[in-house]
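One chain, chain A, links the two complexes that follow: it is found with chain B in the first and with chain C in the second.
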Partner chain A sequence: MKESLMDILCDPLDKSELELEVDERDGDEILEGRLIGTVTGEVYPIEDGIPNLLPPDMRD
Partner chain B sequence: MSDDTQTGTTADDRDPEATRQLVRERYAGIASSDQGCCSDVGLDVAGDSGCCDDDSQSESERLGYDADDIASVADGADLGLGCGNPKAFAAMTPGETVLDLGSGAGFDCFLAAQEVGADGHVIGVDMTLEMISKARENVAKNDSRNVEFRLGEITHLPVADETVDVVISNCVVNLEPEKQRVFDDAYRVLKPGGHVAISDVVQTAPFPDDVAMDPGSLTGCVAGASTIGKLEKMLDRAGFEAVEIAPKDESTEFISDWEADRDLGEYLVSATIEARKSTLDD
Partner chain C sequence: MATKAALEAQLAVVAGFENPKVSLEQYPTPPDLAAHLVHLADLRGDIEDATVLDLGSGTGMLGLGAALRSPARVVGVELDDDALETATDNARRVGASAPIDWIRADATRLPLCLPDDRQVTVLMNPPFGAQRGNEHADRAFLESVASVADVSYSVHNEGSKEFVESFVADAGGDLTDAFRATFDLDRQFDFHDEDRRQLDAEVFRIEW
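Showing the complex of A and B:
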């Protein structure tokens, strides 16, 4: 996912902002890391460039 | 017919989470195998060329894509799972931000990306990891730097308020048991003056019990379809104006081919669903 598109993202649970933590990037592209709900504290993993923003009860 | 243990439950009565799980399982399977149309039986499929094998081009044309659309996207994105062509009526313009609900392997996103250009953005949301992974592979094949995919749910969009110009979707909303929440969330993410352009099946006559209670029929874009009247009410309740749902009579032709042993065209038609968010803030 592109870091420049962070503004459009939000926490799917309460629509609040997300904070980005990056483990691996390729320029603007975030490959591994996580998005953390600034209000809910929920952690949404970014794996292989794909942010998993499914509500927690929808994750496998 | 499916032998799923939930046979005997109609689409309306089934638990929403259980329904989503059925839908995810079906589409994960399709993404992994490159097989299956948006129907229970579908047409014969094989290979990597998408849903309908060597016939996929004409099949996509029946859905409303023109030959240029099909040729402009690299193979692998068009799984033939749609029931229309949102691009044809979405009136997307350069620089816009487009959101695709249930983006699958990404075909409609890549078409939208051509419309909005390098200054625009297209975001595809899908709840099936296998579809999102496939879509991401297709980003590389299409060199579409303005397209992004996110694993997410269309009733819980991970998209900030008032950031989107156009919401598109193709044969997906029918699969979602809580459609009101889909329209509510679409309304939330749209900018004032933004609009939705959705292709989906709508119900034209009550389903016989064997269709209504068949989970395969639900996940195959049949039993979950709502009537035009119900959809209009939901869009209205979400706050939309200029709601227009137009059935495409010619679609009964391909819908009738979805199943070999019954004519689904008696109960279903593909429609264009359009609505606008007021330019004035609430």
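Showing the complex of A and C:
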């Protein structure tokens, strides 16, 4: 995902803000990392450049 | 603006579902339908400089079509990670210049908060709700669209017009265009008897 995607992403649980933590990037593409709900504390992984923003009850 | 035929040709490289899942009603959107829908949306001024969302994006056909025009950005939202993997490969193949992102999410519980300063256009070919346990799936998608979109283009199964019209009226929207489309589907599920069959669909443009 592009870092600029942060402008429009929010927590699927309550639409609150997300914080980005980056483990690996390629220019402005975030490849690995996580998004953390600033209110819910929920952790949403970013794997292979795709953020997984499924609510916790819908994950595999 | 390039022609519809040129768009359709560029979309011919978009791969469908490797292992289509019945429960998610994973029918591929044919390139001619995608080109038709995107070209119409572009002519109506709904693509250029807009944030384009493809909800239930599957392997990316509609979003990639939009990305071949001049949107501000395209975001594909899809539940299924196998489909998303194919979508990222398809994006590489299509080679569109507009920024594209893929999000794994439930289109009916969107992790998106879109600022008001830019038009949001939704393109979608949602599950029709034809499978047991999945009834009214298109209603849930429409509810989601009503909450984020300025304009939407959506594909529904034949005979949906009355339901869509009444939904849109209740939500205070305006159904401005309706047209019919025919899908040629290759046999992909065991319950399909013929190798190929035609599926009649309806496409609606809605201002929200």
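In the analysis below, the second predicted complex is superposed on the first by the 60 of 60 C-alpha atoms of A that agree within 3 Å, B and C clash if a C-alpha of one lies under 4 Å from a C-alpha of the other, contacts with A are read in each partner's own complex, and residues count from 1 in each chain.
As a convention for this text, a contact is a pair of C-beta atoms (placed from the backbone, for glycine too) under 8 Å apart; a residue touches a chain by one contact, two chains touch by 3 or more.
This structure is a prediction, so every number in the text was calculated from the model and none was measured.
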With the two structures laid over each other on chain A, which partner does A:11 touch: chain B (first), chain C (second), both, or neither? both
One more residue to check, A:2. First (chain B), second (chain C), both or neither? both
Chain A residues contacting chain B in one complex and chain C in the other 1-2, 5, 7-12, 15, 44, 48-55, 58
Residue numbers on chain A that touch chain C, as the complex places them: 1-2, 4-5, 7-12, 15, 18, 44, 48-55, 58
Name, in rising order, each residue of chain A that touches chain B in their complex. 1-2, 5, 7-13, 15, 44, 48-55, 57-58, 60
Under the touch definition given earlier, write down the residues of chain B that touch chain A in their complex. 17, 20, 97, 121, 123, 127, 129, 132-133, 136, 148-153, 156-161, 163-164, 188
Residues of chain C defined as touching chain A within the complex: 51, 73, 75, 79, 81, 84-85, 88, 99, 101-106, 109-115
